[in-house]
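Heads up, the next two complexes both have chain A, just with different partners, chain B and then chain C.
Right, the complex of A and B next:
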């Protein structure tokens, strides 16, 4: 059994139901390299409810993409995992995405329960099949009518006529919409979108974000991995800020953007062009050489001797968690 | 027009096949200013950058640098003129040779113009410091660094010949907020120190407003006002 009640989740106004669809509990991912160990995810706790859109943000290399791959069972062979990520299906046994094994993942989970909108669509598409064929296969495999393909295409903003093209005949934006349609086809309860807007121009970015938002409003849960804070702010119910393999703050979107409590989250928001437009001072640590205490300490203006010990996630007034010995007081109403 | 030295796209027209991408577009970037370029997707912003960076020959119209008209592209342009303009693009992975260490990536344009090796090393160190690449990062190849670190190396490379004009085509679009602010700050400092002219293209209106001295609209294929 996993316990999720120990870490209170943000009390989002937009997420309708209270039962978590996904409960990530103490997840750790480590890679063994020839001469080093890389801690990509450390002691990570998160919950996502049906109808909730969680954005995971942070600098590149903070571990957010590894989190996505761990949830999909797509980690390479040199990775070891600890902890759990339990998916509670509405009709069926809960399944632990970390420990259930590749057979279960292939038969029951991937596609059907958990869908992925990948970062680089070009490598995700079978080059010798048209979009229509790919979509029809996916629909049929999940007991849906292949005639739904046209509607799916329209949903993602693709001209149904373009389904008859081969992947190499599609522009980057069209390929992205096709992989999105493929991820949506089985109607998964949990959709993981890993930097889905990279390389898209503005109208398509907005379209993709709106599409993810609509999935949530129709009852799915979405985990959006993104470096784009503006995108997170636009569509997410809650935001988890990752730093050096850990979630350092997890709050309701509006509360995080108005009153961040973790010094790193605050510094990251200050880098936005409509704020101070000032980079976070210093460099992120190497994941091969994380300091024993708080990983942000070398860059943190608030650090004290206490910070040599790793801070645990603790509740923030108004909901959510922060992992910091000296969080910035929000001054907000509880 | 005043006599401030400037980079000029003068009545530039570019078409691919039957499609006209730029139709008699005029954009002027003075030295010492940062111009933001705004326009809907598909309006030819990136093509305009390629024309100004002397990578693409316009069908009509011309580019001039400090009043000197340039009628060739790429290596056909004399070195002294070609190195006045540098460009930074959105995807550093597409632009960077994966076989080169970041040091060699930055040094390559200097070596290509037969700069003495001692001077190359000095300049590369200076630039790597400027963009904040540690000694450890400099020895790595592109696959072993993050997008943000690679883009900082590409920025150092773009500045290696001390260009008078720098063109940034969505150069921070795939970077996290902190790296974006860092790259923008380095470019801003360089622009002030060198009195360079900078062109910034971004879909992010907030970024354009914060970064640019003035913003130019490139609307569809209609001629843009400068």
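Right, the complex of A and C next:
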């Protein structure tokens, strides 16, 4: 296991300050099933600074959403967590989101410090209450005026009149914007947005991304979990590529998109329509039966015998980390 | 005349309001029965006052006639008159006891479902244990510990009938607890109490209200049984159970009417409530179309 201190984070040009807001150190999440163990997150290191927008990208089932739920203590009872995720509040002592317990999470963290835009918004809304009542409750619970509901709706691109509808009367995109408004209501220091652009058309995707970008420019931090690489490139300061429960590459957005060093990151970018439009060869591994070494090795064109050992995240020239024994070196960079 | 012809008949209006199918006239009848009995028993002290302890020993065991619609009992008391007051007691006990049972069951089931784990196991085993004993026996035990009074009867009914409600609420809460919107509420910073009262309870309420209504007939019968056994209200106070009990002696002398009126009232009224509750359940949950069709 490595420690966060030894791993330099990407030196983002766009990050407003360098104060680390969240430091995830060796986070692991494992689910016990009746006949198997699923490692959804393995030895994960990440830092998010105030004013930084971190995009977490990766295929479905690579552990992105589990990471979000672990940070909010929302994992089901059969999950065991290891490691730390320390949140440094601007005024107050640091909280370890993994070990502080449900009571602390409920009192201090959730909503106020860490907000979540949940995946699948249609099911995340209480079906017997209107959007306005949900928003008003959240606003009041966090000491804000319930009249701010209209402004929040406008912020996320929702017609305030639609707040008086029940969730089943909303379209998928409207529900998505409503859950975004709900997560923004307590004005959290760190916002985790899990696929916040699902079901939105292009202008609304851009609207939502700009909204998240503005939050970061105002000093808050955002973790954007997404499949949309173009969206990540547009707004993110840094990008973490997850593959089979691990972060395989975490670098500045521009550097990752111009010169990916991990073979998986490279293959993922090649799958983009405006690039090679070539899918990543092979199938992603089952999280119940991960190979002992590098999980990408079976699909990797550069694999050698050393790949049977798990690669540690190592610094890359220009900042950031990559977890690979044979990183791709481009151009003059050694 | 044209106006009258175009105006739909009253029954049709009632049918369309209640969204009844033509075969469900029974619901309308049940509704009317319930409306008259409830209104009648509420207004009785104003329009037809009764001296509970008055007797007329010169008019004992008179057969039903125009002056005594349901005859008189062995103490010369008008059976119809007392049945109205007996119904007041039954409905009061039924409604209050059903409410007590619902609140108790709701709280226990809600706690068991929300907290889960050991608390859930302990609470539900207590429920199983109580449910293993006969209701009536337990009810008798509770009344026997207290002094015979309206409160004791209500306590007896309420404390024995909350078990099914607790199970219903617990199972509802268990299935709701895993829905994503509960996680979403928690991730927004909602504490346990807020999740329970604001997000779980509104979903359980309709079912809870239905359970309460379905429980009223049970509660009424329980009260009647207790009074019949002489464990309910003091004997001079009219209650349907008391009256059926009193009528037993008259039955042997051929005065069948003394028990008939209270018996008929309890059957008709509880049946009416059950019919309406079943109809409500049908509309609330179309999957379990009631077996009760009239």
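The rule we apply is simple: the second predicted complex is superposed on the first by the 327 of 334 C-alpha atoms of A that agree within 3 Å, B and C clash if a C-alpha of one lies under 4 Å from a C-alpha of the other, contacts with A are read in each partner's own complex, and residues count from 1 in each chain.
Simple rule for what comes next: a residue touches a chain if its C-beta (ideal position, glycine included) is under 8 Å from a C-beta of that chain, and two chains touch if they have at least 3 such contacts.
Every value quoted in this text rests on a predicted model; they were computed, and no experiment measured them.
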Let me test your reading of the model: by the given contact rule, A:120 touches which partner, first (chain B), second (chain C), both or neither? second
Looking at the overlay, does A:112 come into contact with chain B only (first), chain C only (second), both, or neither? second
Once the shared chain is lined up, is A:129 touching chain B (first), chain C (second), both, or neither of them? second
In the superposed arrangement, does A:269 touch chain B (first), chain C (second), both or neither? first
For A:49, decide between first (touching chain B), second (touching chain C), both and neither. neither
Which of the two partners, first being chain B and second being chain C, lies in contact with A:179: first, second, both, or neither? second
Considering only touches as defined above, state whether A:250 meets chain B (first), chain C (second), both or neither. neither
Which chain A residues qualify as touching chain B in the complex? 57-61, 198-199, 201-205, 227, 229-230, 267-269, 271-274, 277-280, 283
Can you name the residues of chain C that touch chain A in the complex? 179-181, 183-192, 194, 198-199, 202-203
Of chain A, residues touching chain C in the complex: 69, 72, 74, 106-107, 109-112, 115-116, 118, 120, 123-129, 137-138, 141-142, 179, 182-183, 185-186
Chain A partner contacts - residues on chain B that touch it in the complex: 40-42, 90-91, 132, 134, 146-148, 174-182, 184-185, 203-204, 206-207, 209-211
